[in-house]
Every structure is written in structure tokens, then in C-alpha cells.
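So, here's a batch of structures to check.
In what comes next, chain A is part of two complexes: it sits with chain B in the first one and with chain C in the second one.
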Partner chain A sequence: MSAAAVPVPSRLLGDVSVGDELPELAVDVTATTVVLGALASRDWRPQHHDHHFATERNGLADIFLNTPNQAAWFERFITDWTGPFGRPGRMTFRMRTSVFPGDRMVFGATVTGVATDATGCGWVDLDVALRVGDRVATTCTARVALPVDPSDNPWRRHGDRWDPGGAAAAS
Partner chain B sequence: MSVAGGPGSGSGRDSAGEVLPAGVEAMIGRPMYEQTADFVVERAYSYNTCAATGNGNPIFWDDAVADAVCGGPVVPPTTLSLWMRPHYWQPGAAGEQVALQVHFDLKEIFGLPEAVMTDNTLEFHEPVRPGDRISHRQVLRSVSPVKTTKVGAGRFWVIDVEYHNQDGVLVGVERYTGFGYRRVEAVGGEAR
Partner chain C sequence: MSADAAGDAGTGAFHDRLRAFEGKTAGPAEVAPDEVNQAMIRHMCEALGDENPVYVDPEAAARSVHGEVVAPPTMLQVWTMRGLRPRPPDDGGNARDDLYAMLDDAGFTGVVATDCRQTYHREVHLGDRLRVVTTVESVSPEKHTALGIGHFVTTRMSYLDAADEPVGDMLFRVLKFRPGTGRVAPSGTGSA
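So, the complex of A and B:
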């Protein structure tokens, strides 16, 4: 990147409203997807790379996406939307069913809150879902910080000025 | 680090007031397995994570963007747990090395051979940067009574993992809910 191409925020807090929907992300999951994600997150447990272990020991349909890799997929989905100035604060997710090779996973999200906290940090709350066909495999509630104006940058917040565990943002 | 006590001893109680093994009672609320990572935060795993998820965020790929936005290179926040995950094998290590040791302790104490993670909360504090050396500690928060689900009978437990960098600054907290279980068809007979 040249010095002339210093990035500017592509999405500000004021651009976002409750009820907004994020662009969907669809991914066809293969065994490689599962194994790549498990090894990238240093998860060596066999249910994430050994078909026979997953089916015969765990009683599952196949190897399946591991927890840290699902978190990484949620991060990618959210920051695709926010741009690089979006700073993840918190994610809580629940895996209802597993995601297996052969599944087409589709990420979608709705904005449920837009607010500025006591430190001036802008927060967006999201309800995110990972769907496979008609079933919701994983649900996620997420908080991500966005700049409140073009000169603001959540990544430059430290200590008391960064409170990802604060109360949920109100619209 | 070993876990004191064992199944069937003591008078601790689970979240429904039922008796828990003394070893489990002693674990609840007490920081355990305070450890410092064997290796520093490195970019290769940052790249691996981005490649595994198609993450093109330029703060992880372009140093000039990282400098401008983040004050220097950072790694994906959701890589938090991987910096403390042990090598699959290393010289002098006995047997397979496992992460989230409290989870595996509970499986052993309760005699539950299978387990899945059901809930996971991640809270991101100071950014993690290449070259950081991360430490963590695990805290067991609760253990449920015996419950039966479609995969088997067992217990849910909640474990917090707190992460700090080499300066003692909090970089993140994870809360895991695990379910240790015995498969339904194995109950009362054939063990697997």
C-alpha cells in the first residue's frame, strides 16, 4: 500500500440503523474446510479431521467445524461488512447442530442495536445466524465497534476507553 | 497439575444442589492451570486463519494498513485461544497434549468419555500482536446436574479462560459451556 492510500473508514456508525441486514455470505463446506480450520486454530482433536473417529466414536455424521474456526468465520463475515476500522468487541454463540462437509453454510445478520457508550465508542449489536438449508446451525450475538466520524478509530482505544463487556447497546 | 479428590468423595454441590465430588467443588471459582505460551504470537497462524476463512481484511495482510489503522500489525481477534493451545507433541511430553485441561479433567472425574462444546463467548480487549507472549488461566464457574440429551446422558459445565499479554494487560476472555456425556446406547451396558 502506498502512503497516498491511507485507508479511511468505509462504514460509520451513523450509516447503520436497527433492522439493517448484512449481505449474506455462502460457503460450500468440504472436508478441507473443516481440516484447514481445525489445524489453523491448533485444534488437534480427531473429530475435526478423522471421519472414522467422528462417526464411530462420537456417533456423528462426519467430521465437523470446530469452535474456534466457527468464531473465525463469524469474524470474517462481520468485518467484511464493517471494513478494517470495525473492531470486534464480543461474540456469544451457540452451536445447535454441527456443520459437516457437504453442507452449504450461509451467514446472515440483522442489526439489533446502534449506540455510543460513555467513552464515546460507537457500538453495533448484531444477531447473526449460520444456516445450513432450513436449519440454523449456530446463532451468534455480536458487538462490533464502528467509527463515529471519519476521524475516529476504535482500534486506537485502550484501557478504560475500550469496554467490550459493557451493557448491550441501545438503539 | 493434578486435581485433588476424585469421583464420589466429598460433599460439594452442583447447580441443582446435588452432591459433587470434592475435587470438583475445590475447582469451582479457583484459577487453575496458569500457563505462559510455549511460543510467541506469529503471523503464520494469522495467515492460516485468514486463509481458512477467506478473510481478506487488509489489517492482517498489509503492514501499511495495519500501521495506519491499528498502530502496527495485529492478528485476528478470534485467534485468541490458539496461542495457548499446546503442540500435539513435543520433546519430553507424556502422551497427547490437550487444551482446556479443566474440561478434560471433568470428563475424567465424572467418567464421561465423550464431550462437545455448546456455547462460546469471546470478549476482545487489547489487540494481540505478532511477537506477544500470551498467558492464560482457567476458572471453572459451574457444573450442572446429570441431564439427558439426544446424544447421551452427562453434565454441562462452564469454564472461563482469561488471557493476558507479556505486560500483564488483559487481551481477552473466553467462556465455554461444555457437555460431557456417555452415549445413550452405552448406558447400562456396553462401554465404548
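So, the complex of A and C:
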């Protein structure tokens, strides 16, 4: 196997500083976005695919992006930036208003923390926002592990060496 | 004075009845209907346009640290979602479903998710058969929100593998609300 076939980390912990901003990801949401994400995540409750149910029974403006779909979009946004060596540890998000077909959602994020924990795992903390126009639809704090050097890979960590909840004191 | 759910909804007595569910486990562990599988991963990735090869390309995944295809961590809750299958009649009751039904009966038929916290304890491989144990964490007093009058319900899901080792966990909060009682139109500023 050629050396070129072996993937190398595209972003190391040392490449990241507090205050860095991630490249934005913009997505024009359609009914297809909402329905495919809901079906693929087995979230088949009708408010995510049935316009009449959403508007007439639930009193909402339209069908809206479901929770696992939002989680997946946050993950895609974050791991597009980290590359495949980035390993999500924890994601906490608050859906303040819903995301509907016709909305243009824009994901943006700022690095709020860069640290190595007691096990030697490198962590980046992110403040993420999903905006629709001037409205912040969802806020998210994410904790993602990055390699500390080219030979490191957070995905190799298991058991006591993987602490996604941050119980081990960060240095 | 009415003692039915609709009659005392909004009073402390109704909240007390809702809070009786706090700390209760929502029935036995729900086992995923299918093992973690490539088709469902592919559907999710294609729905989002996620091109990370370790999710869908066996050769690329074999060269990665995983050695094989893994599932996106955020698919954690997908594997055990019930879809439209009814609850088994003999599962001994389900505190979360019973709580939701009590709120529905009192007119809080609307539901939106508001908060979610997922923690990923290990990677998920093809062939894993996950199960989830759900516990009702808390029920808020009646709140006046933009969407309407309602109660916030927080549940905790613990996802386990076949050896009962933790795979991930999730805190999940929904607002159960009375449609049509909101202070503002529910459209936000979106969906022109």
C-alpha cells in the first residue's frame, strides 16, 4: 500500500487558537431537507413530514427540522472543519425557534477553548450557531477531540483514556 | 370543582401529578429493531451530503483508524427510534409515554424539542445492536412560552451495547404545549 493511501490528520490541536472562526456552511432548507432527514433518522412523527398535521394540529408554520437531523447537521459542519481525525465528544444544543422549508440556515462557530486533558487528549470547545437570517434558531456548544501531533488519533482512545464529558480536569 | 386533568391543568395539583413521573424509568430497555447497518448510515449521509468516507466507503474505512465502517456519532438515537411501531402491549407500562398521554389529555397536544445534549462514549460499528434505557428526569411547572402554554419535559436516554457497556447518552427536553395559546405567531421570522 502506498504511503499516500494512509490518511494523515488535516488539523492538529496546535493549529487551533481561541477566537478562531470556522468556515460557514450555508444550506437552503427545502421540504426535501426536512423530510429526508426525518425519515433517515427514523423520526417519523408527522410534524416532520406532514404539512397539514404541523399547521392544523400543532399550530406551527410548517413541518420543521427534527432533532437528530439538526444534530447530524452540526456534526457535519464541525467534522468538515476537523477532518476525519476529529472526534466529537459532546454536543449540547438549544433549539430556540424551528427551522422550516424556505429558510436558509447558516452554521458558524467560534473556538472558545483549546486544552489537553489529564489523559493527554486534545480538546477544542466550540460555540456554534445555526442562524436563519438575523434569527439564531439553534445555539450549540460542542467539544471535539483533535490529534495533538501527527501520530495521534483521538479515535484510538477507549475506556479511561476517553473522557468526552470532561470529568477529568482540563489543563 | 372538576378533578379531571383538563380541569386542574395549570394548577399545582396537575403539576404534582406530572412530577410523580420524575425518576421513573420508561419501561424496559428498548432494543434497536436492526443492527447498525450500512444502508441506514448511507441514507443519513446522503440526506445531508456528508462525504466522510469512514461512514460509507469500506476501503477508506479499512485504511482509517477504525479498520471498518463506523456510524456517525450523532446517529446515536436513530438506531432505537420506534418509528410508527406501536408499543408492545405487554411491556409493563412506559413512564414517558404515560406522561405524554396525560399532557395530551389535558390539551397539551403540541410538541417541540428544545434542548439536546449528546455524549459519545464509544464509536459505533456495523453489527452493533444497541438498546436504550429512558428515564423521566423532570417536568417543569406550567410556562407561558412564545409557542403557547406548556410544560417542559426532560428525559435521559442511556444507550448500551449488547454487553450492556455504555455507547452514549442523551438528555432531551421537549415542550408540550396547547396549540393556539402562544403570545406570537409560531412562524418565527422564517418560512416566508
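Operating definition for what follows: the second predicted complex is superposed on the first by the 162 of 171 C-alpha atoms of A that agree within 3 Å, B and C clash if a C-alpha of one lies under 4 Å from a C-alpha of the other, contacts with A are read in each partner's own complex, and residues count from 1 in each chain.
Definition applied: a residue touches a chain if its C-beta (ideal position, glycine included) is under 8 Å from a C-beta of that chain, and two chains touch if they have at least 3 such contacts.
Since this is a predicted model, take the numbers as computed values, not measurements.
**Student:** Based on the shared chain A superposition, would you classify chain B and chain C as clashing or fitting together?
**Tutor:** They clash.
**Student:** Applying the document's definition of touch, where does A:62 land relative to chain B and chain C: first, second, both, or neither?
**Tutor:** In the superposition, A:62 contacts chain C only.
**Student:** Looking at chain A, does chain B or chain C touch a larger number of its residues?
**Tutor:** C
**Student:** So, A:72: does it touch chain B (first), chain C (second), both, or neither?
**Tutor:** both
**Student:** Looking at A:132 after the superposition, I want to know if it touches chain B, chain C, both of them or none. Which is it: first, second, both, neither?
**Tutor:** In the superposed model, A:132 contacts chain C only, not chain B.
**Student:** Would you check which partner chain A:108 touches, where first means chain B only, second means chain C only, and both and neither mean what they say?
**Tutor:** neither
**Student:** Residues on chain A in contact with chain B in one complex and with chain C in the other?
**Tutor:** Shared contact residues on chain A (touching chain B in one complex, chain C in the other): 1, 5-7, 33, 36-37, 39-44, 57-59, 67-76, 79, 84-85, 87-95, 153, 155-156, 158, 162, 164-165.
**Student:** Which residues of chain B touch chain A in the complex?
**Tutor:** Interface residues on the chain B side: 45, 48-59, 62, 64-65, 68-71, 74, 76-79, 81-82, 85, 88, 96, 99, 114, 116-127, 151, 173, 176, 183, 192.
**Student:** Give the list of chain A residues in touch with chain C in this complex.
**Tutor:** 1, 5-7, 33, 36-37, 39-45, 47, 57-62, 64, 66-76, 79, 84-85, 87-103, 132-135, 137, 153, 155-156, 158, 162, 164-165
**Student:** Which part of chain C faces chain A closely enough to touch in the complex?
**Tutor:** Touch list, chain C to chain A: 40, 43-44, 46-50, 52-54, 60, 63-66, 72-75, 77-78, 81-84, 109-123, 147-148, 172, 179-180, 182, 185-192.
**Student:** Provide the residue numbers of chain A that touch chain B in the complex, in ascending order.
**Tutor:** 1-3, 5-7, 27, 33, 36-37, 39-44, 57-59, 67-76, 79-80, 84-85, 87-95, 153, 155-156, 158, 162, 164-165
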